[in-house]
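Which chain is which? They are A, B and C, in the order written, and residues in each are numbered from 1.
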Amino acid sequence: MKKIIFILTLCLLMVLVGCNTETPPAAPEPDEQAEPETPEEPEEEPAAEVTILLAAAASLKNCIDKELIPMFAEKHPNITVDATYDSSGKLQAQIEEGADVDVFMSAAMKQMNALNDKGLIKKGTIVELLENKIVLILPIDSLTEIASFEDILKAETIAVGDPESVPAGQYAKESFENLGIWEDVSAKASLGTNVTEVLSWVAAGSADAGVVYATDAASNENVKVVAEAPEGSVSKVIYPIGIIDATTKLEAAQIFTEFLQSEEALSIFEKYGFTAN
Amino acid sequence: MSLEVSIKKKFKGFSLDVNFRTNGEYLGILGASGSGKSLTLKCIAGVETPDEGRIVLNNKVLYDSKKNVNIIPQNRNIGYMFQNYALFPNMTAEENIGVGLKLSKREKKIKTNELMKLFRLEGMSYKYPAQLSGGQQQRVALARIIAYEPDVLLLDEPFSALDSQLKSELHTDFLDLLKLYNGEVLIVTHSKDEVYRFSENLALIEKGTITGFGKTKEIFEKPRTLSEAKMTGCKNISKCIITDNKIYCSDWGIALETKNIPENCNYIGIPSNNFEIVNEEGINTFECKLVNVIEEINEYTIVIENNNGSKTKPIYFNINKEVWDNTKIKDKLHIKINDFYILR
Amino acid sequence: MDWSPMLISLKTASVSIIITFFIGILAAKSVVGMKSDKVRIVIDGLLTLPLVLPPTVLGFFILLILGVKRPLGKFLLDFFSVKIVFSWTATVIAAVVVSFPLMYRSARGAFEQVDKNLIMAGRTLGMSERKIFWRVTMPLALPGIASGGVLAFARALGEFGATAMVAGNIANKTRTLPLAIYAEVAAGNMEGSYGYVAVVVIISFVVLSLMNYFTIKGSKYNNKDELK
């Protein structure tokens, strides 16, 4: 009896191991490298099931998870896209530590450039895909009279991302510095570790005002946008996309990034508050 | 001075149902572990509550389920000595002894000093229980409850926490100290020796009920029931039937004769020193084979069985070492029974 | 190095341990004295819950009660102009909630360890329940309680998840030591955290040593060598 159980367990283990091993991707053909932007004809799909990992900035979570991944799955059912979202700084750190990511989309050029300088991004795969505006938000039922970035000191508590690690925070700091009020703002500021935290604080009413991306404001009905960052006070917020050099699923990664550059995908992005670049 | 107890309480496995009253003399309650004797004391003390019944001490009602009276232990004025003494480890001997006294600080100090002298604890005032010997702890515990002169003393297995080596010496000592107290004492124990030495009256308790009650010496000298015989340590007990004017002991296969056979004769008990080795047959004599010889400190315990072929229970009797060593024929013996108990 | 996170953390932990100490002992005393087993199990479960729930869930519940959009929070804001969330008080509240179960369980364990015969003896000797509690139960339970207090203090010091949610991360006001460490690491600034981490490690070590000391001290009354 014990012997039978032992053999069955062994068989079960072998089946599980077998299911988890992926078929190696087909060797990339040389001309695919030269045109990452718009392929003329559909690429050869890998025949077996492939899963790729996308690491993307937190602000991309809603539109990618809710609409773009399902849309992609319909077109390419054999490619599964797993996604992890967090602040671009943390994702950068994780990729540097060797995380098994295939595609990276950050909320600023800084992190993408940092990885690229270290040779971690496949040459020629970086595309400056989207732009996101920086906006000032208040809790939806707030009566505080704040109508512009300059007015923000009227708020008792201000929520911004930590400029050291959160791009949205970097931009907020940049904007306030250009207005000459950053010192005063940071004295009252609660620093969030990612932009979603900042958004939740304002939505809950715990913070009287906050600075987030236009896309975040659009996603939460408990906040209202009262101003955009003044023209010229802040550099453009660019969302680049790139393929990690160490990827073992290059073909699938390329198919996915190409999809994100398509008209269909871009219109979804715009729906969520982004601007196509 | 008297204590009347009549209580019932459901307990793990059995029901406690006891009824007794004291008459001013010491009462010993003898029973095996788990027979309910400690529980009885705890109900009298008030730290446990019976399901129903009545407890009256010196004409003061401590508990009456019908009238909804249940006086809290603090107000019952009883002295309870726990098996492990329950001395407060964070208080000195002196503080422990004085804890039940409701006097001013000065008066308390005088009284506790006096008690410590009487209980031979001089010099132990500032010692903590952990620093005292077993005997000293026992004296502190006794002093503690005698100090405030309660209406009754309840002693829960006062010697079980001590080495048997000390016990004997301490028994007399303890009895002397008890004399310093003028009230009734209830002592609960599983030791026959203790109950024999300490109490004039005896109650036997088995599985929650009292199966025997009377004067201690009388019960030990002449038990009248199966229960009394068993609990006073009679090792040889057999069922019996009366046939032909003889008492036939079915467990041993022997017939006994006696002058007046009473009506209620259901069992026979033979104490282990009531046997004699004889040379021939006779009344109340039977032939038996030797099963075992157990050497005790001062004597031998001889284990024998009836030699008439059928399977019978063994019988144990004690014999002086010299006498046994001088007995020539040891395998086949004629044993005469000199006296026996007729039990209900 | 900016010392303010450390000062804030110490202030928060100190105030919270005072609160937790009293309510923890009170709760333990009530639970130990409960007659009904069923009720005791339920209440004990509720009081221990914060120990096993993730701190963010605890933060969620605190917000549910004190957030400015919730009845109580709104009431305090409208009538007393008091906003608890994002204030230093909120750090104390978060610290109390997470460290309470530790204090409670230690106190409860300490009370239950006290030999029940001692309590019965006290009663038969005429001691009132109050006198028994202060002269017998508490002195014997104190080492266990102290040990629990030390543990609760350490937990309050290290509290992070719930604090971020209800108190925010405001420099010099609610930025506690754990939040400061997290921010430094998130910014990729490992060097900046060395100082803070060293402080935390030292305090934790001191805490553990104190706990051991109290535990040993607790067996004092049972050990005749200790008493000399």
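For the reader, a short list of remarks on this structure follows.
The rule is simple: contacts are C-beta pairs under 8 Å (C-beta built on N, C-alpha and C of every residue); 3 or more make two chains touch, one makes a residue touch a chain.
Just so it is clear, the model here is predicted, and its values are computed rather than measured.
The touch graph of the protein chains shown is a line. Chain nearest the geometric middle of the protein is C, using mean C-alpha positions. Computed from the mean C-alpha positions, the centre of subunit A lies at a distance of 85 Å from the centre of subunit B. The distance from the centre of subunit A to the centre of subunit C, each centre being the mean of the chain's C-alpha atoms, comes to 39 Å.
The distance from the centre of subunit B to the centre of subunit C, each centre being the mean of the chain's C-alpha atoms, comes to 52 Å. Shared interface positions of subunit A, i.e. residues touching 2 or more other chains, are not present. Chain contact summary for the complex, subunit C toward subunit A: residues 63, 67-69, 83, 85-86, 164, 166, 168-172, 174-175, 182-184, 186-189. Residues of subunit C touching subunit B in their complex: 115, 117-118, 120-128, 135-136, 139-140, 221-224, 227-228.
Contact residues of subunit A toward subunit C in the complex are 87, 89-90, 93, 139, 156-157, 159, 162, 164-165, 186-193, 197, 201, 204-207.
Subunit B meets subunit C in the complex at residues 42, 45-47, 72-80, 82, 84, 86, 88-91, 99-100, 102, 128-131, 144-145, 148.
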